[in-house]
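Next come two complexes, and both contain chain A; in the first it sits with chain B, in the second with chain C.
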Partner chain A sequence: MKSDHIVRSFDEDLQQIENLVSRMGGMVELQIDNSAISLVQRDVELAKAVRADDRKIDNLESEIDIAVVRVLALRQPAAQDLRAVVAVLKIAASLERIGDLAKNIAKRSTVLGEFRDIGASANIVKRMCGLVQEMLKDALDAHVTRNINLADDVRMRDVEVDQMHNSLFRELLTYMMEDPRAITPCMHLLFIAKNVERMGDHVTGIAEQIHYVVSGSLPEEERPKSDVTSLTAISSGEAAAGGGQAE
Partner chain B sequence: MAYALEKSDAAQLGPSEAVASDPALISAVDVDVFYGEKQALKGISLDVPEHRVTSLIGPSGCGKTTFLRCLNRMNDLIDVCRVEGEIKIAGQNIYAPEVDVVSLRAQVGMVFQKPNPFPKSIFENVAYGPRIHGLASKKSDLQGTVEASLKRAGLWEEVSDRLDHPATALSGGQQQRLCIARAIAVEPKVILMDEPCSALDPIATAHIEELIDELRQKFTIIIVTHSMQQAARVSQHTAFFHMGVLVEHGKTEQIFTTPNDERTESYITGRIG
Partner chain C sequence: MKSDHIVRSFDEDLQQIENLVSRMGGMVELQIDNSAISLVQRDVELAKAVRADDRKIDNLESEIDIAVVRVLALRQPAAQDLRAVVAVLKIAASLERIGDLAKNIAKRSTVLGEFRDIGASANIVKRMCGLVQEMLKDALDAHVTRNINLADDVRMRDVEVDQMHNSLFRELLTYMMEDPRAITPCMHLLFIAKNVERMGDHVTGIAEQIHYVVSGSLPEEERPKSDVTSLTAISSGEAAAGGGQAE
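After this line comes the complex of A and B, so read on.
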């Protein structure tokens, strides 16, 4: 962040808001990680902790909202300062949503703990979570360092998450067709995968806000999108041929 | 308007490019102003669009008031002041030898930082201009002009029952609106305002700002202000001056959200004095 306002307390106010965002981002990163671990390791206690910790993230969002409104009212920021505080409002909202999605994963992990090993699929979800977590970490770094290139790079990486989601979607559909007893765990896993895919979209939104803070405009370049699950159908013949292994 | 810019002209003018879409009433080209040896304005090229409010902002001594005073030749009153370049208002070069400065100042009215009513009655303050410029031949015409001007300045309701009272007995905000009524009574094209609210409280300021917004339907307004929020609130276009140079000129919302020049950014975010 560019500092050196004539009124130094203005710098302090802005810095305080940026610090809150960094803290909130760090907590959300941890929530993503823990929700994935609770899923793979069937750790019900960890899942419970993730659900409980979501409240802390919600509280931080409220704190950021209050701090931003205060700066808007008392400092009347302009230009880059205005963009920075408005972007922070949106970034905090995105982080809060990601936190909610992680909490939902933890909830579903608790249910999945009661089913037989869901093995490979859960590991794919964990890898998706890893990708999103890495994207979020880079986005938060880009925010602190005002690195527009890193933000743009994050924005382009969401396509990998989408592709993993596509392939998992096909795989889980196949399992369900093969064995109706798998429907409950597979449905939960599908929702979990969708949650992670949505997390990726929110991180992309955060990266776009950082681009806006630095340049004054949203990125013009179309970002690659690859989520095709809304259009995907698998016939029973495909399932019998092992459609789950496709792609 | 004859002064709507062609795209290529706008490109040459640089700082005015962003506002080329609004037809210009005032067109300044390469204006230099000297006070003796000291150059106060350097190569100012600025188009001021008609029926818009244009704010001139910048640190003290940057030349914004000097530029404002060029527009009705107030600088003629300063012996050592020399103005070069061209300033046209509605196509007329206001520095041409044949221009009558008195009628120019009727066309380009001015409101100052401190309200400066004449030490006369409220009625006489507004009636003075139309009378000396011969704009009202009959007494009833004059009364009509005074009433219309006071109404347009948002002051009529407050003073209609005491038009014969001394203007100096009014509050500061009322006096300033009276000065605006006095300026518009002679039907100017342009109203120049030099920090018109700096001596007023927030309520009186809000009245003036509301008035400015209404007046732009009929007049073209240029306002010098030190309040960035005021510039943002009242104007559609903003010009940033720094050390005698016009650094940037554009739509107000663009200047206050995404200024192009680092110096503008620093000034409006409070990073340079």
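After this line comes the complex of A and C, so read on.
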């Protein structure tokens, strides 16, 4: 019996697993896009498709996990090879989480469809999703090409997502205070925006893994973090005065 | 030169890594507790300590990752041993996430300290934290004793956390609609409650990893999921009528 394992090299095995990661990444990119579109266009069918497709991403993660365990057992890789294999596990886990977050956005879009137009805010979310999707695309490229500079660049770009999140957060709180009918839709938008902000964090984590694969250590430089929403407080007085600064 | 690696067995190496996981788990248990206490007792100093201690948990995760990579390289474990090592990576990642969520709760508690008493709702959050902490304790025990039944039991208990989250979520939305001054504190509480719900999901993930270590496959049975908050809509009319059913 001809065995693949003997004929193939470790590099080919790793390549095959990393192809699975690229495929998974491509699916997740699409899910981010589609969840944003379902939100802005109030497209219930698209939201349903995003929710259904999440299972495919979960299945790919399982497939990657199994392939990783197999290659560890059969090939016993060392040094950079081992790092590359371990990183794949972590990258796949991050992709799975981003997929979950996109699914959650799609879920909430469905509910938001029942409310009056939440126009401008939804568009800001869509722009945030666009940034995250670009970051993810570049991270996946950096993974394939082992481009540490590109990975580091992705890591630094998350601050833009955080900043958009901060300003949207304050805006939504203000709307809620001005009009109680806006509370439920704005609250879902707050959670959606938080999900996008988390997506950015996960892409950053992927970029850090790539840095680790190439250099052998995680990036030491503190990453600029600027999500301050968990410290944001707006009083109803401020809202009446049209918003203002807090923390 | 006497080498530890040659004298020690794989089992001892694994034991040592799993001890690190137990320590990390113990720290995370404490962080969950303390974040809940800082919330209920409006204890800004305790909240600060929780935020500071998160770094210790992060450091332990790095230590575990390094130890895992070393044991994979030196021991080339197979079958159940390999599963145990891979599971440790995933469990440590989940613990790190739970720690992050506790830190986030502590952050938001600090902001909530500036608002009027949010009494009853904070107590419900504390009870949710208590459930999650019990689940985590049992999951850590199940890990040490390789008790698959206990792990499966933990997995099933997450539904209670979800249910508490659902009812708290509706309650908080109602408060927000009744009084605009409640919007900012209730919104932080909504995010805190969501964090606790996520903690429960991560503990469930840990329980699934333990099932995998012992049996060789992830649990097949669908886990009862009942977090429906992303589909919850409450209109201001309902709020005026003192709450009601939606969804």
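Criterion: the second predicted complex is superposed on the first by the 235 of 247 C-alpha atoms of A that agree within 3 Å, B and C clash if a C-alpha of one lies under 4 Å from a C-alpha of the other, contacts with A are read in each partner's own complex, and residues count from 1 in each chain.
Note that in this section a residue touches a chain if its C-beta (ideal position, glycine included) is under 8 Å from a C-beta of that chain, and two chains touch if they have at least 3 such contacts.
Model, not experiment: these values are computed from the prediction.
When the shared chain is aligned, no partner comes close enough to touch A:120: not chain B, not chain C.
More chain A residues lie in contact with C than with the other chain of the pair chain B and chain C. Of the two partner chains placed by superposition, only chain B is touched by A:216; chain C is not.
When the two structures are aligned on the shared chain, A:76 is found in touch with chain B and with chain C. Legend: residue contacts after superposition of the two complexes on their common chain; A:52 is shown touching neither chain B nor chain C. Chain A residues in contact with chain B (one complex) as well as with chain C (other complex) are 76-79, 82-83.
Residues 4-7, 10, 76-83, 216-217 of chain A are the ones touching chain B in the complex. Touching chain A in their complex are the following residues of chain C: 62, 65, 68-69, 72-73, 76-79, 82-83, 86, 89-90, 93, 104, 107-108, 110-111, 114-115, 173, 176-177, 180-181, 183-184, 187-188, 190-191, 194, 218, 230-236, 239. For chain B in complex with chain A, the residues that touch the partner chain are 228-229, 232, 256-259, 264-265, 268-273.
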